[in-house]
Amino acid sequence: MTNVEEHSIRTLIFGVTGYTGMELIRLLSTHPRAVIVGGSSRNWAGQRVDEVFPFIPAAKSFPLTTIEELLLDPQADLAFLALPHGESAGCIRPLLDAGLKVVDLSADCRLEDEHVYAKWYGPHKDPDLLSRAVYGLPEIYREAIATADLVANPGCYPTTVILGLAPLMNDERVDCTRPIVDSKSGISGAGRGAKLNTSFCEAGEGFKPYGVTRHRHIPEMEQELGKLAGQTVKVRFTPHLIPVSRGMVSTIYVPVRKKISTDELRDLYADRYRNEPFVTLLPKGAYPDTARVRGSNQCHVSVEVDERTDLAIVMTGLDNLTKGASGCAVQNMNIMMGLADTEGLAGTSLFP
Amino acid sequence: MTNVEEHSIRTLIFGVTGYTGMELIRLLSTHPRAVIVGGSSRNWAGQRVDEVFPFIPAAKSFPLTTIEELLLDPQADLAFLALPHGESAGCIRPLLDAGLKVVDLSADCRLEDEHVYAKWYGPHKDPDLLSRAVYGLPEIYREAIATADLVANPGCYPTTVILGLAPLMNDERVDCTRPIVDSKSGISGAGRGAKLNTSFCEAGEGFKPYGVTRHRHIPEMEQELGKLAGQTVKVRFTPHLIPVSRGMVSTIYVPVRKKISTDELRDLYADRYRNEPFVTLLPKGAYPDTARVRGSNQCHVSVEVDERTDLAIVMTGLDNLTKGASGCAVQNMNIMMGLADTEGLAGTSLFP
Amino acid sequence: MTNVEEHSIRTLIFGVTGYTGMELIRLLSTHPRAVIVGGSSRNWAGQRVDEVFPFIPAAKSFPLTTIEELLLDPQADLAFLALPHGESAGCIRPLLDAGLKVVDLSADCRLEDEHVYAKWYGPHKDPDLLSRAVYGLPEIYREAIATADLVANPGCYPTTVILGLAPLMNDERVDCTRPIVDSKSGISGAGRGAKLNTSFCEAGEGFKPYGVTRHRHIPEMEQELGKLAGQTVKVRFTPHLIPVSRGMVSTIYVPVRKKISTDELRDLYADRYRNEPFVTLLPKGAYPDTARVRGSNQCHVSVEVDERTDLAIVMTGLDNLTKGASGCAVQNMNIMMGLADTEGLAGTSLFP
Amino acid sequence: MTNVEEHSIRTLIFGVTGYTGMELIRLLSTHPRAVIVGGSSRNWAGQRVDEVFPFIPAAKSFPLTTIEELLLDPQADLAFLALPHGESAGCIRPLLDAGLKVVDLSADCRLEDEHVYAKWYGPHKDPDLLSRAVYGLPEIYREAIATADLVANPGCYPTTVILGLAPLMNDERVDCTRPIVDSKSGISGAGRGAKLNTSFCEAGEGFKPYGVTRHRHIPEMEQELGKLAGQTVKVRFTPHLIPVSRGMVSTIYVPVRKKISTDELRDLYADRYRNEPFVTLLPKGAYPDTARVRGSNQCHVSVEVDERTDLAIVMTGLDNLTKGASGCAVQNMNIMMGLADTEGLAGTSLFP
């Protein structure tokens, strides 16, 4: 095991060799308070992680085991589950029972209603967890996260949409009950694996919609926006694939009911996010760009009112592996462990 | 001058070394009936084109001169104007007077109303041309193009939107009067030139909105959709930049008023475009992908109804330099000269 | 079957849905004299090709069958084998026996010595073919190809190296017996298939050597260079992967023995390739660029002498799927059928 | 000015808005001991850096001034010069005179011989600096750097070559006096600026040699390799451009004189770099990949002997902006200020 300083937070990563697992390693490798003491990998169990990934320095290495072994006697403070949905649900209870806090990056604890989960993902393995989990979007639920032992890390698309619409959900000047959300994601969002349609020659120089009207993140958006609005919200959602590894931009359209200017809209957002370290309202005329958030935990936001056509346009951008997944998971860990949100997450984006 | 076979169509290209000029060369180099006999280039006047672009075979080469020289005594049947707006307008009358037909790839002849032009582009240099020009979208105006001597080649974004919405504009089951158009363009759409924001390191791995609510293609879309609808149409338009050289996808949202299924919608499109060689309705579940239209003159179309939220979604994709510019210009030439639309344009896309 | 004009060359493609098969379709779709009348595909047998690839127009479509069915009664003039090595060897004899000419794009007929083949590829399925095949590099063996019924289409790396060194092999001013060849290939060279290491997220923004000292194209280079030199040649070969779909550049280093200037070297190449339609000596100071040969059948060549260190540097660039594979195969078909090399191959590169 | 903690190292960055300046900001923003207290920018003087780059948090911001203003009364411990060569030379003496230590990222202090400098770069503005500067490659000159007040940060290409060959320069089994160096660089190496040849559409999907036999990094390599060898070394150097923003791979060829195996070669490198935190010998069969060093300060190394042809092949890879420029500059700062090399540089690469 890694040499762990006293007072360090000891963490486990289930699913080390997927992209969100690898991103957790990257972020935690420079975290001043947390260390990784073990991880699971189906393919590499029995090796140390620096043998699998030569870019991890030996000093930061840790052993890889199977999920089953890792669950046997988990000596740690907190576990990150970077596993596929379905698989995640089966690991949570043993970890909670062993006294660990859990941040689940899968979809398994995000939906409150077991029937909605079943409709979009199939039967839930441990539905009692749904009421125990806190939805881990710190900008909305920071207080609840601070005392939770199980946090459901949000989906990447929902993060762009909820952060994008939260300041508007109760503003009567716009109609947020049926937003049109046109989202674009980098290819790492499809996960790590050998698939023809995400191969370099097929996806490179490509851009296309996918999963039109049918993406599984829809119920998650509708649940959270509905809670913010205090009424039912239907999201019209079209995801697209961008030929970049990382990055996500959502362009969100809501009708204007009563006159509101771009400046007034900007004020709303500036107020709402003034104290949020990871939500930045861009200067007027600047728009979210995947290249400017790569590797950072920032969500960039722009807003415009098209006064000619009575439409409010909200644009949000983030790195789907960082603020859209593992960065937010570390932020949740920080909050759960009583640290500042920004601990270990202060890195600026890698640009160019 | 190139050795011109009898019966060949002799063409001139004004603005050879921009991307649409270069694409005209590529397409015409294998056209069975047309030859390029001269071209203009500010920077390379006095050289032959194969000296500037070594990938052009000597047998297909032609001399480069200034615009002024090329206008002096234009010995040709048809001229393509691949010049910036404003500059184009000044060249048209001398060419028409010399008996040439003209396909203008700039915006200078697209708008019918001089005042609308002035508002978006500044004062027009030769406003009488506006009523003389035919809007060169063959799928809508093929008959008028056939007898025109001046054709205004459509903008790339408008082509995706007009082809995307034409079958719906008079269908009472959907409301096409205020469509939301979320478009994404490859970087060649920004033209050829040295700019920091389209440099590889700034634009690569990037994706972002630009010109939100303010893009100059809006009045062109509204003019043409309005004519198809027989009423005023307001377009809510947000363009984005994709990190690919070529390609454009528009995702278009219109509310459903009366129940219509995806299959019924597909039938509408299949009927409308059955005989169009360059509009392809993709199989159900397939969506336009820039990688599959690169270098071809195809516009790919998909349609879906989101019955859960009463929304029709139209997705169109094309190569902005081909069907979105120079390929369409050659198609217009074909029609103006009495040839089949497909002459010289049968090439399939370069994939991968 | 496709409606075949009289006098057309009827072709078959074995292995339609790999990248070289797809590139054959692209090139033949605008060939004025050849048509594809059938093809094989393991996964799509029973469908027509335009159902599998919507970007192929119905008018150019053809049925897909299994290899076995296609071999039963092959009604065609020429077959292209775009199959993996090993698989190809088993198809050749039935085709030759049925009177077809064959262009084999695999490695199965490239090596003259059965033992060398066995060492690098394993036992050969039909070694008698080796002496019957002509090595299909038209710039070296055009006459023999013209009368051959079996042509072994060269490997992509060997094409860059043999075309790059042919003018020097008998020049005593340089030592070509042990060239250092540093080659870089686009990712389509790895074939079409779902592999983690050629996925967008793993290969994008990447560049790396692979197969160092061990690539299977080494014996092919050594055989052909040795024949040109009249003595044994050992090639020191290091391939690398470039994050582009198409394109290949080889940088080749040979020691200078007796003083020779860059201009003298250029003259050698200009003389050697003066009448070759698909080999272009670039202007002095210009170097091969994958972006300038994409989709064309051109091989671009530059040469420099580093007089300070007595080294000759030859740089060659081509599209690995076109001049490096399917374009050369069509060029070979043209020669075998008595057509000009350039028939159907005049297209300039797709740039940008 | 930024709120500076006691005991912090106060730094200045000359040339903030180029890529190496921006990379310095990224690296120093998470450095536990250093802060940036000011910077120069021709275009943005008078603004604060977070106004120019919204991705820099306000807490890490600092004022931008002209070079002249910054030189007037430089209140800091150390200055990084991320200026073009020529411009850098003029700033050094005032900084040294004011008691600052200086890390110069330009080429102005790298060459020891004024005449060699003049031949490749033109006349030197302050040639006396040449003997005062220490060549800042920590793996070679760590001790001298520790006591230097002026460090010449190495060029990116020379870093790959010197680290690649250092273990061999005195080994009689190989001949390192005339290595062939085939290098490939990401496009950020060309600097930040609007140039047609590095625009996305021109450089994307491209790969090409440039500056063949004439690159300015040649004398730097020859100087340093010559010192290591104790004799004159001539480098045969061909750089190429890879279509990635960051990353560099050099493939280096040296003849084997006396039998040596790959394993023996590996042992040499393992011994030489055992204690170097930023040089990693990759596992056997793994090769440097730009994608695996992006954003990290690592130099990855592989070695192979081609026993068939008596050639040793050394492959090195790094991020040209990090270990190839700003990361190494921070490493030099650490050494000059008595900190561990790794302070603030422990981040793993951004992958994917």
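For reference, chains read A, B, C and D in written order, and residue numbers begin at 1 within each chain.
We adopt the following convention: a contact is a pair of C-beta atoms (placed from the backbone, for glycine too) under 8 Å apart; a residue touches a chain by one contact, two chains touch by 3 or more.
The structure displayed is predicted, hence computed values, not measured ones.
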{"item": "Interface with more contacting C-beta pairs, comparing A-B to B-D", "value": "A-B"}
{"item": "Remotest chain, subunit D as reference, centres from CA atoms", "value": "B"}
{"item": "Rounded Å distance between subunit B and subunit C, as computed from the means of their C-alpha atoms", "value": "35"}
{"item": "Inter-chain centre distance, subunit B versus subunit D - centres from mean C-alpha coordinates, in Å", "value": "46"}
{"item": "Subunit A and subunit B: spacing of chain centres that average the CA atoms, whole Å", "value": "39"}
{"item": "Residues within subunit B bordering two or more other chains", "value": "19, 188, 201, 203-205, 243-246, 292, 294, 352"}
{"item": "Contacting residues of subunit A [partner subunit D, same complex]", "value": "19, 22, 25-26, 29-30, 51, 54-57, 60, 188, 205, 245-246, 277, 280, 282-283, 286, 292-296, 298, 300, 346-352"}
{"item": "Complex interface listing, subunit B residues touching subunit D", "value": "19, 187-188, 192-196, 198-201, 203-205, 243-245"}
{"item": "List of subunit C residues in touch with subunit D within their complex", "value": "178, 180, 182, 184, 201-210, 212-213, 234-236, 238, 240, 242-247, 249, 251, 253, 287-292, 294, 302, 304, 306, 308-309, 311, 313, 315, 317, 352"}
